[in-house]
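Next, two complexes with chain A in common: one pairs it with chain B, the other with chain C.
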Partner chain A sequence: MLEATGLMVFYENMLALNNISIRCGVNQIIGVFGANSAGKSTLMYTLSGIMQDIQKKEAMAGGERITLMGEVRYMGEDISGLKPSQRARKGIVLCPERRRIFNESSVLENLKIGGYLASSSEARNTLEYVFKIFPPLARLKKRIGGFLSGGEQQMLAIGRALMAQPKILLLDEPLMGLSPLMQAELILATKGICEEMKLSVIITEQYARPVLPIVDYAYILENGSAVMEGSKQELMDNPDVRSAYFGIEESYE
Partner chain B sequence: MDILIYGTINSVTLALYAIGFAMVYGVSRLPNFAHGALYVVSGFITWSFLNSLGLNYLLSIILALIATAIIGALIYQFVLIRVRGMEISEIIASYAIGLAILEGFRWGGFKGLTYTLPAFIEGSVEIAGVSVDYQRLLVVGIGAAVVGLLWLFTRYTRIGLAMRGMAQDERAALMLGIDSDLIAVVAMGFGSMLAGLAAVLLLPLGNIVVEAGYNILILAIAVCIVGGLGSWMGAVLAAFLIGFAQILTVVYLGAHYQMVVALLAIILTLILRPSGLFGQQKELEERV
Partner chain C sequence: MENNTQRRKERIDRGIKVRTDGIYALMSIRELSYLLLPRLVLILGMLALPLLVPGMYWQRVITITCIYALLALSFDFLAHYVGLVSLGGAFFVGVGGYMAAIMNTTFGLPPWLTVPLAALAGGGICTLLLLPCLPLRGVYFAIVSLMYPLFVARLIEALNILGGTDGITGIDGFSNRWAEQYFIIGILLLLLFGVRRLVNTDIGLVLRGVKDNDQAIRASGMNVTLYKAMAVYIASVMGCLGGACLAHIYMWSGISQFALDFSILPIAATVIGGGGTLIGPVLGCLILVPISELLREFGTLRIVFYALILVAFIIFRSEGIMVYGQRKYQQFERWTRI
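So, the complex of A and B:
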């Protein structure tokens, strides 16, 4: 469905993504794991086209020189040159790191803004669906976005992304700063959304343990390079991965 | 009593001057220093339609508003879009355009007392012992309606909601499929149209003169700074603050101190509360 080959991103001379190739099939959940500054967010920005927008604006303002290489194909079509809004229209919607909800708007208004691309019947149905899977949002409809707790904000961010009628949802560190209980709840909800709305999901996270059970295939990034990839089972069985990303030390007796 | 009535009229006038500027800045962080020029342009276009082409007054106004919106959108699409995000260049570019338009008019001979628009309805009415002409009442009525409609527009229409989203976080809006360039053009068109609306409402009270362009720009900026740049409701409130302050100054200190009020308000606001009454320091976002 989405296939990226040979993605390279340079900030000035710093290599942020080094020859990354990833693919995501229809109705799959793909995990991308890696520590801080491994290039997860850069990858998400590149897939959603935000990186091209940043590049354009930086070039215009004479700021950082960003170089992009590689190709992103979506349903067989090369979309590397498309603007983020055009990609969103095709169904590639990013739910960004740190959530970036609209702080001054109410929950309902956040969702309505998210429904910019949706027809009014789609918007109505999705709104109902979002309130069904995230009951706290229905209760806090009138609350201003900035006053929500982290977990509620994350629900709102995902709900808002769903309002844009995605076919492939990019979740950038959705679990950041949340309690383990909330993490488990969100992961379960993500799995449910993927099945019920027939979506593909690419999800990035620093810590693989909570996410790994729901992914079909995963990549591990380190300093901008993909150091390993494999199915859930392959990664779980790898001793290096176990110690680095699950916190399970092998015991040497 | 006359302080109350004239204060209200003056405040709504200021709000009309400022709301287009506040809207453009709020949505796309673009200080449109050509705002005053667009105000004058709209007045001259209306005058030309009315007198040179001999069109019906209402029709000339509608056509002039549309023309002003298109001019604003063109200015954005062909000039300002290239300097988006660089505040100083935005100010220089938009001010240069405004200067070119206004001085172009002066050069072209549009000056003097010959250029006036007729009032919509002649005559006046007495409210609580103060004589108010219908045109000023109309200004207050339409001004209030504009503020109300704008509020509804930004909360219940697709484009309006997209503007609100973009005003708060442009990148997040991009992720949701909102085309920021398109929305910015629309906002600029709307803002220009609001400048034009202010012009056709207020110019019948005086002459169409080139200098008005500069005065209105200063007043609009004063209102927006006091209200907090980017906050429309703040701008409306600030319009009332400055509007009443001006009338009080006129009554108790003398008419020639009137212009000082707006400038003093800018200075005081920048010293005491740089983000304005309702503005936010966007730089002080969550720090992690």
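So, the complex of A and C:
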């Protein structure tokens, strides 16, 4: 469905993504794991097209020169040159890192902004669905976004992304700063969304343990390069992955 | 994917730039001249300017340019190092001008005394009046600093105080035109290098912190309003200095010194020169003020040309001349294979 080949991103002379190729099939959940500065967010920005926007702004302001290379194909069509808004219209919707909800709008308004492109019946149905999977949001409908707790804000951010009628949902570190309980809840919800709305999800996270059970296929990034990839089972069986991303130390005989 | 055919442009610091960052700068003539050349070009260029231009008219233009440059410097300092967008250039000039005029006509102080006194006292008055909006963030400072010059001008007009619409006349001029020009050029250079130094001291760091994240500054136990007030004082002293000089140059002080030109032109100069570089706005004034004099022949169309130049700059070189120039001077580019 979404296929990126040979993605390279340079921030000035620093290599942020080194020849990354990832694939995401229909109705799959793809995991991307890596430490800070591994290039997870850069990858998400590149897939969603936001990187082109950043590139343009930096060039206008005389800041860093960002070089983009590689190809992103979506349903067989080359979308490497498309703007983020055009990609969102095609169904590639990013739920950004640190949530980035509209702090001064209420929960309902936030969701409505997300559903701006959808037809009104789609928006109504999705709104109902969002309130069904995230009951706290229905209760806090009138609350101003900035006053929500971290977990509620994350629910809102995912809900807002869903309102845009995505076919591929890009979740950038959705678990950041959440309690383990909330993490489990969100991951379960993500799984449910993927199944019920028939969409694909690409999810990045630093700590693989809570996420790995729901992914179909995963990539591990390190300093901008994909050092490993495989299905859930392959990764779980790998001793390096177990120690680095699960915190399980192997006992050495 | 044919990786070997792909190339990208690489930007690298020049070796000499890296060497001159450290103590090595003192070791060779080449490194020393790399550092000194741009500064010397500026200083000697400014000093030579009054000798190079033809006639009294253009010499006067240069003095006015320097006054605008002072305002642009104060705008750039406030906007890019403290995060306060000030539209109060006209207010600073007006207050400085009237202070100098009163000191000179009422108390009979000579110009070399009124200019610094008017600057220091005027800065105090401006800071006090702007103090109420300093604890706030956002557009409030810009709006209040825009309203004050209008407010004071109408007040003087309506109450007929301080000479009313005629202004204060009979102010002493500078002893001769050379003294006038070199006095202002000297002040401008001194303040330019002074402010550059200031923003790199510890206080400068705190001020930049106020711009970036005032909550973190507060959490570090520093009074944000106090630091903002200090910065506003420094900026308004620069503006008042310009105003005081202006009053002595025209030997007159009136409500046209509260004209919005003094607020707007420095901002335009900052856009053209490159914000945050301090020297950029000064260069911007050196370009814009003479251009606006040249365009005077076109009458009211002058503003049209002026606006076109500004828009073109914002579209094609929004980084500003100085940022662009610094990059070309310090870095080189080459194509590399990936």
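We adopt the following convention: the second predicted complex is superposed on the first by the 252 of 253 C-alpha atoms of A that agree within 3 Å, B and C clash if a C-alpha of one lies under 4 Å from a C-alpha of the other, contacts with A are read in each partner's own complex, and residues count from 1 in each chain.
Everything below uses one rule, namely that a contact is a pair of C-beta atoms (placed from the backbone, for glycine too) under 8 Å apart; a residue touches a chain by one contact, two chains touch by 3 or more.
As the structure is a prediction and not an experimental result, all values here were calculated from the model.
A.B. asks: Putting chain B and chain C onto chain A via the overlay, clash or fit?
C.D. replies: clash
A.B. asks: Just to be sure I read the superposition right, which of the two partners does A:Met60 touch: chain B = first, chain C = second, or both, or neither?
C.D. replies: both
A.B. asks: So, does A:Lys40 touch the first partner chain B, the second partner chain C, both, or neither?
C.D. replies: neither
A.B. asks: Could you say whether A:Ile101 touches chain B, chain C, both of them, or neither, answering first, second, both or neither?
C.D. replies: first
A.B. asks: Looking at A:Ser85, would you say it contacts chain B, chain C, both, or neither? Reply first, second, both or neither.
C.D. replies: First partner only, chain B.
A.B. asks: Applying the document's definition of touching, compare chain B and chain C: which contacts more of chain A?
C.D. replies: Tallying touched residues of chain A, the top partner is B.
A.B. asks: Pick one for A:Lys167: touches chain B only (first), chain C only (second), both, or neither.
C.D. replies: In the superposition, A:Lys167 touches no partner, neither chain B nor chain C.
A.B. asks: Regarding the shared-chain residue A:Gly6, is it in contact with chain B (first), chain C (second), both, or neither?
C.D. replies: Touch status of A:Gly6: second partner only.
A.B. asks: Of the two partner chains, chain B (first) and chain C (second), which one does A:Leu117 touch, if any: first, second, both, or neither?
C.D. replies: The answer is first: A:Leu117 touches chain B but not chain C.
A.B. asks: In the combined picture, which part of chain C sits where chain B already is, 98-106, 152-160, 170-178 or 224-232?
C.D. replies: So the stretch of chain C that bumps into chain B is 152-160.
A.B. asks: Quick check on the output: what are the common chain A residues between the chain B footprint and the chain C footprint?
C.D. replies: After superposing on chain A, chain A residues 60-61 contact both chain B and chain C.
A.B. asks: Write out the stretch or stretches of chain B touching chain A in their complex.
C.D. replies: Touching chain A: residues 82-86, 155, 158, 161-162, 164-165, 168-169, 171-180, 182, 286, 288 of chain B.
A.B. asks: Please output the residues of chain A touching chain B within their complex, sorted ascending.
C.D. replies: So the residues of chain A in touch with chain B come to 48, 50, 53, 57, 60-61, 83-85, 88-89, 93-96, 98, 100-105, 109, 112-114, 116-117, 160-161, 163-164.
A.B. asks: Touching chain C in the complex: which residues of chain A?
C.D. replies: Counting only chain A, the residues touching chain C are 5-6, 8, 10, 12-13, 19, 60-63, 65, 67, 69-70.
A.B. asks: Could you please specify the touching residues of chain C with respect to chain A in the complex?
C.D. replies: Per the stated touch rule, the residues are 1, 3, 6, 8-12, 274, 318-320, 323-324, 327, 338.
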